[in-house]
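You will see two complexes here that share chain A, one where it goes with chain B and one where it goes with chain C.
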Partner chain A sequence: MPHDVVSFERLAADAASRYADNGWPGSKDEAWRFTNINAIRKTEFSPADTAITGTSSEINFIHFINGVHQPIDNMSFNDGIICQKLTDNAGLSSALAAAIPHGHHVADFALAHASDGLAITIDQVVDNPLQMIFDYSGDGISSHPVVVIKLLPGADLTILEEHKGDGAGLSAPVMLFCVEEGAKLHHARRLIESDQRYHLGLNLVQQKSKSVYSGDMVMAGGDITRSETQVSLMEADAQSYLNAVYLGRDAQMRDVTSRIDHDAPDCQSFQRIHGVLDNQSKAVFQGKVKVERYAQKTDGNQMSRTLILSREAEANTKPELEIYADDVTCSHGATIGELDSDQLFYLMSRGIGCDEARQMLIEAFLMDVVDALDDPKREWLIEPIEHWIKTRVS
Partner chain B sequence: MPLLEIENLHASIGDKPILKGINLTINPSEIHAIMGPNGSGKSTLSYVLAGRDGYEVTDGDIRLDGVSVMEMEADERARAGLFLAFQYPVELPGVGGMSFLRGAVNARRIEAGLGEIDHIAFVKTVREAANKLGIKDDMLKRAVNVGFSGGEKKRYEILQMALLEPKMAILDETDSGLDVDALRIVSEGVNALKTDDIGVLVITHYQRLLDYIIPDHVHILADGKIVKSGDKTLALEVEKSGYGEFTNAA
Partner chain C sequence: MSATAETVRQVEEATGKYKYGFVTDIEVDKAPKGLSEDTIRMISAKKEEPEWMLEWRLKAYATWLKMDDPDWAMLNYPPIDYQDIHYYAAPKNADGPKSLDEVDPELLRTYEKLGIPLHEQEMLAGVAVDAVFDSVSVATTFREKLAEVGVIFCPISEAIKNHPDLVKAYIGSVVPQGDNYFTALNSAVFTDGSFVYIPKGVRCPMELSTYFRINEKDTGQFERTLIIAEEGSYVSYLEGCTAPQRDENQLHAAVVELVTMDDAEIKYSTVQNWYPGDENGKGGIYNFVTKRGACRGARSKISWTQVETGSAITWKYPSCILQGEGSVGEFYSVAVTNNAQQADTGTKMIHIGANTKSTIISKGISAGRSNNTYRGLVRMMPGAENARNFTQCDSLLVGDQCGAHTVPYITSRNPSAKVEHEATTSRISEDQMFYCLQRGMTTEDAVSLIVNGFCKEVMKELPMEFAVEAQKLIGISLEGSVG
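Up next is the complex of A and B:
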């Protein structure tokens, strides 16, 4: 779809004026009803210093520090990966400008403060994964990494993405993935920031015909952590898989928000979300699936399961189906429950201690989402899950 | 010293008394059978012995090897040598069979001051034991009890028993859901365990199992009490005349 040419500078300036008008979402904003961000709203964050340089000799390694891409000397990539600044790629900055959802507070905040971004083009099958590491630090600092990745027709890429670091700061990454005809993007993301941090992320996925996007996420860190994913199935026969594991404890907030627009016939979307909440943690999963009138033969599935380890933990699930086509298969389901006492007793009756038995059952519940993945995605995601279980569950 | 002593055991679920004063002593190498009509409290007894939450023991004591287990959690009792083969084995989706078996065996070994079992040697031990019970390799790879038939679940209970080498084994209606072949294999598994010092408590509704596992003592449980005890001929008697006289008496 042709759109106006918008430079990154103009995109940022437009976002800044929208952010000046609209600010943060209010508690009356439906998409934020269950996600209290008062702590973020009250903080006067200052954007990170942009003059940092790092070095790395790893291949296919992209490193952001406090939202700023490290202009690493000798950055090296496999054939098929073309990495540019977003300010140097008007095509992809224009694509991002067109993709930003109207009135999206967080996107506007992030783009208003971002100094630059990365534009990555993939033009073939790349065997080795692309690692994107986002490191954060410092109190009161906001970070706004912006990345646009476009897979040209027939390309194939695995991304291993990680957000980590400490300090009472805010991370607001904005990413756009354009998956062209027949291309495949395998995307594993782990959010493992330290307990004081805030994370509000927006991921946009645009899929052309016969493309596959499989996004798997483990959300294990941060005080308030929200990940929003919006997928547009723009052409026929595209498939999208969104799997997520979220883990909360203490007074943490977890928010997994998704929106899938079926704008073309014969597309499929599958979402599986498993969460574990301990102590007074809270979570919301809100997933909207919208099927346009002409998106016949749509297959849309959504399943959310939450395991509550404490009486004070709270899970909210808000599935939303908006269907205008008549020949579709759409389903959604949500369960919220505690550990099964029969299962716990069965394990303990074999001599397995209570803590270990609980860990085994929690692990089984979470593995259900990630176990079938291939390495390196599987390993990338299992590691933070096992770490969380070992250190958080007793 | 007796292996298992149950003394004046009273237990309730909520406000409802289920066990109403059970006395039973099992010595090493003895096989005892408890028979009784549905709802008489047989499974409740097995759960209370194994230390399941949700039952209130209002009176009495349970001793294993002379030591009261009343303050012990289910896992401690298991590591002390008590084993319960469940009437309804529980499915554990996502819990791999091998890691489950290894976790159980290692828990006992660590308690006994032995190190964790060698991985490869363990796989071999499990295969051999499974083979004897007619359990296919493919079943061992699946999640615990998931997709198992009724009979497969019961065999898997006996496999666990064989691997854990308990001092005192309680089998709750292990015969239900088994065809004659499976019954024979499972009984062989139990009989193979009967070394000199193991005690076995077989809970059953029918006499059938006792053709394969010959009890030294038979007790009739009705309405939460043992109403009659005898030798193996008591089982045959019950088979003929039914439980009517006991339920009326209770």
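Up next is the complex of A and C:
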């Protein structure tokens, strides 16, 4: 689809003026009704410094510090990965400008404050995964990494992404993945920031015909953490898989939001979301699947399960279907409850202690989502889950 | 049959489809158009209401003035001009008929056309009927027989006069005046409706029924129903609605409040067949209704069953507040939309007490260019120990120009509560159609059969009198949608 040419500078300036007009979303905003971001709204964040120190020279490794990427000259990649600054790639900055959802508060905030971003093009099958490590630090600092990754027809890539660090700051990454005809993107993301941090992320995925996107995420860290994924299936026969695990404890807030637009016939989307909530944590999963009139033969499937471990935790679910085509198979399922007492009894009757049995059942519930994945994605995601279970005070 | 003849036949059928589209020509006493404090004073005076009722209405009006039309539903309609409606219209000689003989024979004929067993049929049907015509309740049958067991079944306007303590104690206690825009409007201008009181331990000896009819042009109907079931009592209540075929939209904004005490049960069934507008979406009723039941007592039960085939716009969420320990809420719904109809309907189940249970079965069928949305809320409060909810909402699409949407909200604040939700969307499969057609059924019979099968879980919850009517209605509503 041809876009108007929009330079990154103009994109940022437009976003800044929208952010000045709209600011942060309020509780009356339907997309934010379950997620209270008063703590973020009240804080005056100062954008991170653009100077960066400490870089890595590993292959296929990109290091971001407070949202700013290491100098491109210091990076080295396998064949097939072409990395540029977004300010130097008008094609991808225009694609990003066209993809940003209208009136999206977080995207506008991030783009308004971002100084630059990365534009990565993948033009063939790349065997080694691309690692993107986002390191954050400092109180009252906001970080806004912007990354656009385009897989040309037939390309294949695995991305391992990590967000970590400490300090009472805000991270607001905005990413766009354009998956062209027949290309495959395997994407594993882990959010393991420390307990005082806020994370509001937006991921946009655009898929052309016969492309495959499989995104898996573990959300384990941060005080308020929201990850929003919007997938647009633009051409026929594309497939999208979104799996997520969210883990909440203390007074943390977890928000997994997804939207899948079936804009073309014969596409498939599958979503599986498992969450565990302990202590006074709160969570919401809101997932919308929209099937346009001409998107016949759509297969849309969504399953959300939440386990509540404590009396003070709160789980919210809003799975939404909006369907205008008749020859479709769409379904969603949602359950909320505690550990199955029969299963617990079974384990305990075999001599396993109560706490241990509970751990085992929680682990099994979470592994269900990631166990079938291939390494290195599997390993990347299991680690934070196991860490979370181990450090859980029962 | 040639293609042209087939089309002509279909058009004829389609245009003659709404059999309740007639107008009854009787003298009417109408309030001038528009809404103001004076209109409310006038309604209150017409109804010879006590002062407290007038004050209650004026308070609601003040609240309404400060509110905005809700816009969150998936509905499209031009703004409603609330000053262009008659808020009161009454058949002229309807001032308290002592018996059915005093009721205008024209009216009785109307009810006969509607198939309401108001007169001779009353004995056969064994159903006590309260019929509300425009703004006034015109006849309530079987009152003596009900009075023997202590059941009060009368127009709410009479209850305000004769049982003020009961009305005062319960009206607005389940649906507060300012709950939403339309409840505030209804509280200010409601003209009539039914009042039911079932005393302790009484099982109501017959099914109670109300038929609502909007007849007069440019009128709105704002009825209010209040049903109180005391400890250990039971009542089954049926509600039916029709309106004439008109090019303009008419507003219907009702409020229904149910209260059940310990071990009491209310079964509330609705067959809503307001005029849906023509094939191009011209005319039809705007149906903005708030229905809510409070299970106040332990082990009490409220069950809503609805078959929605009419109205240009349906905005309706019959809900249960499950307060009493072990109380049960049920919602069984079939919503059929065809042509340009729009429905945004569903339920709310608020679990407050321990061991409360709720079941939601919703079947949405969209045809033509219609849009049908299920919108539901299940909320488990911290005290809802071991509460259970099961929700199933299935949508069926007939044709490729319609939409089916599902918007459930699920919130749980108690780990021992279990919530399960399932939703599917599909269409009538070619295999099913082929099977029926090759056995000699017409397309329309086949659609009706398949759709009724799809809705079976809900239909079996309807009282017998309604089940037959509802099945036919679904068939009629979908005529012309396939082939």
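One rule holds in what follows: the second predicted complex is superposed on the first by the 390 of 394 C-alpha atoms of A that agree within 3 Å, B and C clash if a C-alpha of one lies under 4 Å from a C-alpha of the other, contacts with A are read in each partner's own complex, and residues count from 1 in each chain.
Please note the rule applied: a contact is a pair of C-beta atoms (placed from the backbone, for glycine too) under 8 Å apart; a residue touches a chain by one contact, two chains touch by 3 or more.
Here the structure is a predicted model, which is why all the values come from computation and not from measurement.
Clash or fit: chain B and chain C on chain A?
Verdict on chain A: chain B and chain C fit.
Does the superposition put A:L361 against chain B (first), chain C (second), both, or neither?
The first partner, chain B, only.
If we overlay the two complexes on their shared chain A, which of chain B and chain C does A:Y346 touch? Say first, second, both or neither.
In the superposition, A:Y346 contacts chain B only.
Which holds for A:Q124: it touches chain B only (first), chain C only (second), both, or neither?
neither
Between chain B and chain C, point out the one touching more chain A residues.
Tallying touched residues of chain A, the top partner is C.
If we overlay the two complexes on their shared chain A, which of chain B and chain C does A:Q280 touch? Say first, second, both or neither.
In the superposition, A:Q280 touches no partner, neither chain B nor chain C.
Give one of first, second, both or neither to describe whether A:S115 is in contact with chain B, with chain C, with both, or with none.
In the superposed model, A:S115 contacts neither chain B nor chain C.
Could you state the shortest Cα distance, in Å, between chain B and chain C after the structures are superposed?
14
Which parts of chain A are touched by chain B and by chain C alike?
Shared contact residues on chain A: none.
In their complex, what parts of chain B are in touch with chain A?
Residues 50-54, 73-75, 78-79, 83-84, 86, 89-95, 100, 103-104, 107-108, 111, 143, 160, 164 of chain B touch chain A in their complex.
In their shared complex, at which residues does chain A touch chain B?
These residues of chain A touch chain B: 341-343, 345-354, 356-357, 360-361, 363-365, 367-368, 371.
Which residues of chain A touch chain C in their complex?
30, 293, 296, 306, 308-338
Would you mind writing out the residues of chain C in touch with chain A in their complex?
72, 74, 380, 382, 395, 397-427
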